[in-house]
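What follows is a pair of complexes built around subunit A, which joins subunit B in one and subunit C in the other.
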Partner chain A sequence: MWIIAQIFINAIIAGSVYALVASGLTFIYATSRIFHLAHGVVILFGAYIFHFVWVEQGLSPALGVLFSILGSVAIGLLMNELVYEQQRKRHAKRLAYLISTIALLMLGTSSIILIFNTSLKSFNIQTTVYRFDQLNITLMQIILIVISCFLLLILSAVVKYTKFGKAMRATSDNDEVASIMGINTRQIRRLSFGIGSLLAAVAGILIGLEFNIDPNMGVYLAIKGFTAMVIGGVGSIGGAIFGAFLVGFFEQIAVWYFGAGWKNSIAFVLLFFFLLLRPRGIFGLKRFR
Partner chain B sequence: MFAFLIYILTLICIYSIIVMSLNLAMGYTGLVNFGHIGLLGVGAYTSAILTTKFDVSFIFAITFAAILCALIGALLSIPSRKIKDDYFALLTLGFLFVSGAVFINWTDMTRGTLGIRGIVRPEGFAEPISFFVLTFIMSLVTFFILEKVTNSPFGRVLEAIRDDEQVAESLGKNIDRAKMVAMTLSGFFVGIAGVFMAHFIRFINPASFWLDPLVISLAAVVIGGLASLRGSILGVILVFTISESLRFLSLPSTMIGPMRVILFMIVLLVVILFRPKGIIGRADLD
Partner chain C sequence: MLLHIENLSAGYGQLRVLNNVSLSVGVGEMVVLIGPNGAGKSTILKSIFGLTTKMNGQILFDALNITSLPTHSLIEQGIGFVPQGRLIFPTMTVKENLEIGGYLIDHKETLHKSLDYVFGLFSVLKEKQQELAGNLSGGQQQQLAIGRALMMRPKLLMLDEPSLGLSPKLTQEVFHILQKIREEGTTLLIVEQNVRLALSYVDRGHLLSNGKIIFSGTAKELGDEKIMHNAYLS
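What follows is the complex of A and B.
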């Protein structure tokens, strides 16, 4: 019985990281209609910059967080400006965006390998372990869940109550009408890429602290975030968060039942069944909330 | 130097088969199949396992592998009835991931990450030069068959599906069947390419069928141009020229792999941004 409870705890830990990724992707998709798989690279840069500043340079972790967020946001904005916006000018098909996002993903991953090499990097953090009978949870993991929930709450509040959130929902509903109504949709897209990349940096930092970082995780995280987004219903932030926990849960089940080697394929199995049986996702909303 | 040239030429021929068959699905039919390299792996592993473990003949192995890949290709086309465009592409990416996981985890058959060693070339073609001739003939045969298919009325149905599925359907074309045939053919030829790859390099491991060959093939298809078989061959030659010219920069060996991917991706992005038709493509990504 305790193993089920432990799977639940692990699923919540993994899920709260995936939720950050998935909600970032949802933000970006809502305003630009791009499946921004290169988001994985933004996460990677966040994690590696944090590791570089804190562990390799020995500076303070706060400085590491700052540089990691600045670096990731800059990369996210550059991708949007140099590639996606150029394609938008040409009225590219959605497939063209998909190919360019994969090109960016591989370009970024290979750059990371070139700069930081392929070896696994870890932070070796000592943390207190709380034991309840046979269940384990560390202080680090609790902090991770709290930070993630806190950020996601702020985010939903921003979307709901601010003027920017309103403009964003309008752009998501219909960007032509939104721009006729005087909303600078290009600016809104920039902002959503900025926010999405900020979330990616935080996700990268948390992943680095909890697990290890290696260059291949960018691809997997992007796919899991995407799957979470589809499961929840594309365009709904609440759905994306729910989907993220579902991906985390099924992943832990797969690790427990089949072994760790299948961990990264389970997201695709979920994706397949959802696309086939319920393409609108669980919360099948048409509009961005 | 001569041996090296033969090596590169053989690789170019194998990749031409891979990229032409990818173009049949992606450029002509509009089904972006990221799982193409997964099929390549299935072909390579099938033949490698059959010839090293069960001592069957090369002819039997290649037939079996090609038919298996054709079947999987047909199966992959089924979800395309409901799942379109970029969703379909991501779903096929899923096939690549799942097949990769199978290569790594089905250790009884595939020996996991160790890979399969000691794959032999077919009898009479053990020399690099004769194997090159065999590969060259195979790529020519592929080219002529696919050229015939794409220039036939059936080929025009495929292009109509790519341009507008509903129009094609309203003209009374059986689009589901056409897609299935295209994916079957595409799978058949990439399976053959996989067999040649395994018996040429004589060693395969899961990393040989992962994202790197996928982005190389994608780059070649897009650079050469969608819906053009000649473009695909040109794209492969160009991609290999770029990648082999890196050897002359005398970089440390750990840097060559990532450097190569970075270069391909930059070229790919430049082509997508400034010339979405590719060099001699007829279909557009715009």
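What follows is the complex of A and C.
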């Protein structure tokens, strides 16, 4: 019985990080209709910059967080302005966006290897472990869950109640009509990339603190975020968050019953399963186009 | 004259749709653009709203040259546009749709006044303000699309085929509403396929064929069989 409870706890820990990734991807997809797989690289940069500033330069962790967020947001915005918006100007097809995002993902991963080398980075943080009978959870993990839930709540409120949130949803529903209403849709896309990249930086920081960081992580995180998005129903932020926890849950089950080697492949299995049997996802209203 | 178009040629990219079109709409008038499919009726509305490529000519609105103004400035100048096909935002509530219509309004109070104005015109929108727009019926969605454009309290409201996909009864209702909006002082420029019905409401009309205006006159003059016959069958 305690095994299931422990799996559940671990799933929530992993899921809350994936939820940050998936909701960022959803934000970006909603306004730009781009499956921004290069988001994985934005997360990586967030994690590496944080490690560089705090561990390698020995500066304060707060400064690390600040530089990490600034760096990730800058990279996300640059990807949008220098690549996607240029393609949009030339009326690119969807496939063209997909190819360029994969190119950005590979380019970014290679840059990380060149700048920070391939070695595994870790923070070696001492944290209190709480034990309840046979269950374990660390203080760091509790902080991670709280930060993630807090950000997701703020995000949901922004989308639901603010003028920007409404403009974002209108752009997502129909960007041509949104611009007829006087909404600057390019500005809205820019803001979505900014917010998505900010969430990516936070995800990167949390992953670094809880697990370790290596350059291959970007690809897997992008795929897991994408899977969570498909499971929840593409375009729905609530759905993406739910999907993220589901990915986390299946991953932990795979690790427990089949071994740690299966951790990263379970997302692909889920993705395949949903694309085949329920492409519009659990909460998706619209057909996945 | 509220709107004055002079020798306008416009289209999409390299494609030229309108050829030297000139027309004007007076304050408080209700004017219809009619003609066969592909004549360029919608392109005129889109050109006024800055959604086409202009090759030559100019558009004056309230004596201001608006030929190359961006969309948001046109809205601020007092032009409203209801695009073809009841393009509401389906996953947002009725009220949110209207709020987006008033996106360029900065003062909360002005926004509330506009909401009250639209709710006064369309009681069904007031009743269903918390419902998702995608769940409304076709006629209600058209009311929402019109109401959304009225949020900015435009001087000129342009509608692209408001009757498209509506039953004859609902079409009648939509025109009744347009009549009411007009009586409150809004100038209307409408593209309509339902010629008979439109002519029974409007003051004047322009008949288009192949990107040119081939006849302009009062509703009565346009009712003449011969003119119509020539336009639609030539």
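Here, the second predicted complex is superposed on the first by the 285 of 289 C-alpha atoms of A that agree within 3 Å, B and C clash if a C-alpha of one lies under 4 Å from a C-alpha of the other, contacts with A are read in each partner's own complex, and residues count from 1 in each chain.
Here is the rule we use: a contact is a pair of C-beta atoms (placed from the backbone, for glycine too) under 8 Å apart; a residue touches a chain by one contact, two chains touch by 3 or more.
As the structure is a prediction and not an experimental result, all values here were calculated from the model.
**Q** Kindly say whether there is room for both subunit B and subunit C on subunit A in the superposition, answering fit or clash.
**A** Subunit B and subunit C fit side by side in the superposed model.
**Q** If you stack the two complexes on chain A, which partner ends up touching A:P279: first (subunit B), second (subunit C), both, or neither?
**A** first
**Q** After superposition on the shared chain, which partner residues are touched by A:I183: those of subunit B (first), subunit C (second), both, or neither?
**A** In the superposition, A:I183 touches subunit C alone.
**Q** On the A-aligned overlay, A:I113 touches which partner chain: subunit B = first, subunit C = second, or both, or neither?
**A** So A:I113 only meets subunit B here.
**Q** Output check: A:I102 vs subunit B and subunit C. Expected answer is one of first, second, both, neither. What do you get?
**A** After superposition on chain A, A:I102 lies in contact with subunit B alone.
**Q** Report the partner of subunit A that touches more of its residues: subunit B or subunit C.
**A** B
**Q** Should A:Y161 be classified as contacting the first partner (subunit B), the second (subunit C), both, or neither?
**A** neither
**Q** Touching A:K93, do we find subunit B (first), subunit C (second), both, or neither?
**A** Touch partner of A:K93: subunit B, not subunit C.
**Q** Looking at the overlay, what does A:W2 touch: subunit B (first), subunit C (second), both, or neither?
**A** Touch status of A:W2: no partner.
**Q** Once the two complexes are aligned on their shared chain, state how close subunit B comes to subunit C by Cα atoms, in whole Å.
**A** It is 16 Å, taken between the nearest C-alpha atoms.
**Q** Quick check on the complex: what are the subunit C residues that touch subunit A?
**A** Listed in rising order, the residues of subunit C that touch subunit A are 49, 51, 71-72, 75-76, 81, 83, 87, 89-92, 96, 99-101, 103-104, 148.
**Q** Would you pull the subunit B residues touching subunit A in the complex into a rising list?
**A** It is residues 32, 34, 79, 82-83, 85-87, 89-91, 93-95, 97-98, 100-101, 104-105, 211, 215, 218-219, 222, 254-255, 257-259, 261-262, 265-266, 268-269, 272-273, 276, 285-286 of subunit B that touch subunit A.
**Q** Which residues of subunit A touch subunit B in their complex?
**A** 35, 83, 86-87, 90-100, 102-104, 106-107, 109-111, 113-114, 117, 219, 223, 226, 259, 261-262, 264-265, 268-269, 271-272, 275-276, 279
**Q** Which bits of subunit A are touching subunit C when the two form their complex?
**A** So the residues of subunit A touching subunit C come out as 163, 166-167, 169-170, 172-174, 176-184, 285.
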